[in-house]
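Here subunit A shows up in two complexes: once beside subunit B, once beside subunit C.
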Partner chain A sequence: MLVYTIKRFFEMVIVFFLFLVISYLLFNAIPGNAFSSLLLNPLLPPEAYQKTIEAFGLDKPLFERVQLYIINFFKGDFGYSYTYYPRTPIDLIAERLPRTLMLFSIVNVVAFYTGFLVGKILAWRRGSKSETWITIGSVFSYTVFYPWFALMMLWFFGYKMDWFPLGKFLVPEKWYDSPYASDEIFYTLILFTTISSFLLFLVFIFTRNIESLQKRRNARLFGLIILASLATMYWTNGEAALKRFYAADIAYHMILPTFTVTLVAFAGTALLTRTTMMEVLKDDYILTARAKGLSQKRIRDRHAARTALLPVVTSFIFTIITIIDGSVLTESIFSWPGMGQLILEAVVQEDIPLAMATFSFIGILALIAHFIADISYAFLDPRIRIKAEN
Partner chain B sequence: MENQNVDRDVKAAIKKNWRLFKQSKIGITGLVIVIFFGFLAILQPLLFLTNIWDEATYHPVVGYDAEKISRTVVECPDQYPTKEYPTREDCPRVDEVNIRYLKAFGIEAEVGDSYESNVQPAPPSSRHLLGTDSLGRDIFSQIMEGSQVAFLLGLISAIIGVGISTLLGTAAAFYGGKLDTYLMRQSDLVLMLPTLPFLFIISAFAELKVWHLAIVLGTLGGLGGTVITIKSQALQVKVKPFVDSARITGGSKRRIMFSHILPNVAPLALLYMVFSVTGAIASESVLSFLGLLNIDMSWGIMIYLSQTEGFIFTGLKYWWLIIPAGLAVTLLAGGFYLVGRGLDDVFNPRLRRR
Partner chain C sequence: MPDLLLEVKNLSMHYDTLDGNVDAVKDISFSVKSGESFGLVGESGCGKTSVAMTLLQLQPDNSVITEGSIKLDGKELIGLSENDLRKVRWDSISIVFQGAMNAWNPVIKIGEQIREAMREHYPENSKQENIEKIDELFKMVGLDGSISERFPHELSGGMKQRAVIALALSCDPKIIIADEPTTALDVVIQDQILNEIKKVQDLLGLSLIYISHDIAVIAEMTDKIAVMYAGSIVEMGPTKDIFENPVHSYTRALLDSTPSIRGEKRKLKSLDGEPPSLINKIDGCSFAPRCPDRETKCNPTEHMRLVEIAPDHFVDICSQGKQ
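And now, the complex of A and B:
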């Protein structure tokens, strides 16, 4: 296992360097002088101009420039952003990245879980009326033209019903006399979500091996109640009680984007689970389980769904990258100030240092997701694990 | 003689597969949708050629037609609600015009007069089946133009992509070794490339037309994940006895690859081709929705226009500007997806019902 991990890691490092070089060459291929908008930008003082020329080695030959770019990348030095002048690209990314990560990790987890649940039930009820309708619904949400769908959701829930805000990160009026910066509140929110989801995960892991389904459900319910009361205790005491009002504002803005992306993202998982589950249900051991007289629910959840999970996990790994892609659209429609919006803005306004930095960072994000997925897949699939150990 | 046999075999295979395909309701539904849009795409040039449609009126980009309507001039009250108008948005009604609005443009009129004006966007009528947009262009004609763009792009990119991935996947399985390692790492690299930002960057320095986009999307799709899937299929074919017997009877490597392995991988390739059309249509619409493509008219541009002109939040009042384009993208992409699912049932015997 360790050898496999190390091998994959080295391959990833090579792929990563290739990615850096290719992304530099891509920007280098922009016709004319890619940095010429720098000369036309009256906001930039001469020092910034000098600094950019030096940082990117614009007066040097191509090979040295590529080298310089890679070195600068590890130093985290991308010069200045043209549009947000005194700020550097790294500064901007550090501000925006947590917002994207927060939104999309929640969406990912929720979408994967609901998708798996729905797919499982679909395969189990094959041939029934409800199966047909839910499948049609899933195919619709899988192939729906996403920006259009998101705009319609925004119109319906945000404008017509007025239940949710029309995009954006927070309501500025509420923050005029706030003692906290919005990022500070947001980090508290991130910490809270991470810890509570970790505890939730622990509850699920510990109750996994309880044999009786009835008892397991009760144990899980009990765990959930304890977690909920812990959360209420946290938000009503000490400093958190002051932050609560502002945190609620941000959380309120997150609901609609999360809901919309989940509706679109769950369908892929549901459809795939349906297919793999149908294949599994034809296997002999399911027949054996039936012959043994096990309850339907146990066959479905314990025998079939566990086996069907594996291909779904693989495909989920690939969708992580698509979801990073999709963040661009979601963020520009819901005006969520994250990485996706940053790169779109940078490309449209030809802010090249910023575009380069964001593109490289999105690439790294995808790479890390890919790497973790690869390793966990090898860990989950005994065939690969054994092959790697021998 | 041999040729005739081959012909008969192919015909029999097609007939058998068609029978299987017919059984899946999903596949047939998808096929009907795809044929419907194909019909729309072909219909528009025919209508122009036969002069049933006048180019000056119905051209999707430069056509113009204004519907005249006479409205009553009214004066909107300052205070709401009144007896006639419950809220500010209800005044003026569809068949009325506010006198202050006319005065602002220097038009003399009295309350109670009838005032003739152009309606843009005009609601659906017998002349314009889906109404016109804010520039007086026929929406139905735009939908037809959009389906031409979608078919052109989807098919070109699918053919390029699947051609590349089939060749590379088979070669990787057949030759193995260094070529295999290289191709797999390459598809890793392409897989981890965030596609949309990548296309943004390309569109920042190149004027992307439909052709260019088709080639870029096709190449990206062809070098990516499909290679891995096709390779695994080709590996299964490679160990079958007929490949060994072909080798023993002295078939050259190239011949074995092209005439024994490739035909057995082809069904899977066809399947991926159909699925990749879905992706290509969606990518095109997204890029033109963000205004990054250099195309005159497409479904994405229709939605882009309805958003930038502010019609999207008027809800169902201007539904013909919002619903048809979005539904068209969804339906065609969904149609190709459903055809793919139907083919999946045919080529993947394990999924068949019995």
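And now, the complex of A and C:
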């Protein structure tokens, strides 16, 4: 397993290197950039022009520039953003990335969990009326033209019903006399979410081995209640009590985009789970499980759904990547100031260092996602685990 | 009668398909005493597996049992609720399926798959007790206890089939159905598995229903056999009687098509034609179109029903000629 992991890691590094070279060449092929339009100013003295070009290394031949860029990249130097000068791309990404990650991790977890749950129930209740309607609904939300759908959601829930704000990250009026910066509050939120989901995960892991199903359910319920009371204690005491008001504002802005993307993302998982599970239900071992006298729920969850999980996990991890680029659309529609908007800005304004840096980040995320997919696949399917070991 | 473990009476079942009803099981009656082994033989598609599935009430959703009763230990199985059936399955009656290759869930360890059944039927047992029992069962079928910790794909076909037998024994059933347990295996392993089944059956005093198309295997395994053709039993009796004195033309044809090692060399006979499609209603004897004796000895217009010609030896009435 370790050898397999190391091998995969080295493959990843090579792929990433190629990715960097190719995207650098592609960006270089675009005529002009934000910088050159700045330099075309006729009032700029020629010496200053020459000096600036040299300072940024733009007079060097292409091959040397690629070399230089990659060496600097691995040193952690991404140059300067042309449009946000003197801020560096890494600085901008550090500001924007958490917002995107927060929004989309919540979406992904919720979408995967509900999608899998709905999918397995759909397959199990094959042919019933509710199955037909939910499947039709899922096909709709899976195939709908996403920007239109997002705008409709915004129009209906934001404008018509006035339940949710029309995009943005916060309501500026509430923050005029705020003692905290919005990012500080946001980091608190992220920390809170991460820790509570980790604890929730622990509760599920530790209760896994309880043999009796009844006892297991009670133990989980008990764990949830403890977690919920801990969370309440946290937000009502000390400094967090002061932050609560501002945190609620940000969380409130997150609801509608999360809900919209989840609706779209969950359908894919649900439909795929439904199909694979229907295949699995035809297998002989399901008949064995029934002959053994196992309960319906146990056959569904332990035998059918567990085996159907494999292709679903793979496809899900690939959708994570598309969701990250999909953030361009989502964030533009809901004016959420995250990575998606940054990418769009960088590309439209041809801010090449910034664009390169953001694209590399997506590349890294995509590679990590594939890496996790491979590892988790080996973890879920013993047949692959063995092969990887040999 | 206390020693009558399984009693099937007038069982009829059909599959509801788009093309019409397929009469897979037609008016079948038989009984199995405790400790007895009963063989069900017939060519592919004659309804053997349908009978097996109906005994466990595991028939597909499109099947309809039109009449009949299945009594296991005096308890009627047809019409039991799913929850009550779950208690009967594996606890009283277990099955060794046709394809052992696919009988195991590929992502769960063998031991866990056996324990899961034991947990369901003996919730009071501790994990350690279950593990000990599985080790014992594995020893009985000639497997090492460490197999519990393996995944199905790590075992060979023969090992998987042995493990399936251990699985079938795990909840101390009174009766085991073996549905062609050796078809996917080579001859050497086949023989070992058969011996294993026999040994275990003698050791534990189980009843066995052995289903196969291979009459030679059936002869070796069973005390009593029933020959099935097109969904009906055409001849039933003690194995010895049937082999020495086959009455029905189909039984004879079946025996004639099997080579014998010790007997004199002879040309194997085969039957012309194919078994009838069960989708069409058949009047009279369903074997008549292929029957070599239809012109001479038989009365193919007679509706099929069994008559007793010797103690415990039943045969379809049409083979008895005109009365």
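Brief remarks follow.
To be clear about the criterion, the second predicted complex is superposed on the first by the 362 of 390 C-alpha atoms of A that agree within 3 Å, B and C clash if a C-alpha of one lies under 4 Å from a C-alpha of the other, contacts with A are read in each partner's own complex, and residues count from 1 in each chain.
Keep in mind that, in the parts below, contacts are C-beta pairs under 8 Å (C-beta built on N, C-alpha and C of every residue); 3 or more make two chains touch, one makes a residue touch a chain.
These numbers come from a predicted model, not from an experiment.
Considered on the superposed subunit A, subunit B and subunit C are sterically compatible, since they fit side by side. Number of subunit A residues touched is higher for B, counting subunit B against subunit C. Contacts of A:K297 after superposition on the shared chain: neither subunit B nor subunit C is touched.
Between the C-alpha centres of subunit B and subunit C, as viewed from that of subunit A, the superposed structures give an angle of 80°, to the nearest 10.
Touch criterion not met for A:K168: it reaches neither subunit B nor subunit C.
Once the two complexes are laid over each other on the shared chain, residue contacts for A:V347 go to subunit B alone; subunit C is not touched. In the overlay built on the shared chain, the residue A:K282 is in contact with subunit B alone; subunit C does not reach it. In the superposition on chain A, A:R306 makes contact with subunit C only, while subunit B stays out of contact range. Once both structures are overlaid on their shared chain A, subunit B and subunit C have a minimum Cα-Cα separation of 9 Å. Partner subunit A is touched in their complex by these residues of subunit C: 56, 58, 82, 85-91, 94-95, 97, 99, 102-108, 116-117, 119-121, 123, 127, 151, 153-154, 167.
On subunit A, the positions that touch subunit C within their shared complex are 211-212, 283-285, 287-296, 298, 302-303, 306-307, 380-383, 386. Note for the complex: subunit B touches subunit A at residues 185, 188-189, 191-198, 200-205, 225, 278, 282, 285-286, 289-290, 299, 303, 307, 312-313, 315, 322, 325-326, 329-330, 333-334, 337-338, 350-351. If you check the complex, the residues on subunit A that touch subunit B are 11, 14-15, 18-19, 22, 26-27, 29-31, 34, 139-140, 142-149, 151-152, 155, 159-160, 275, 278-279, 282, 318, 321-322, 324-326, 328-329, 332, 343-344, 347-348, 350, 355, 358-359, 362-363, 366-367, 370.
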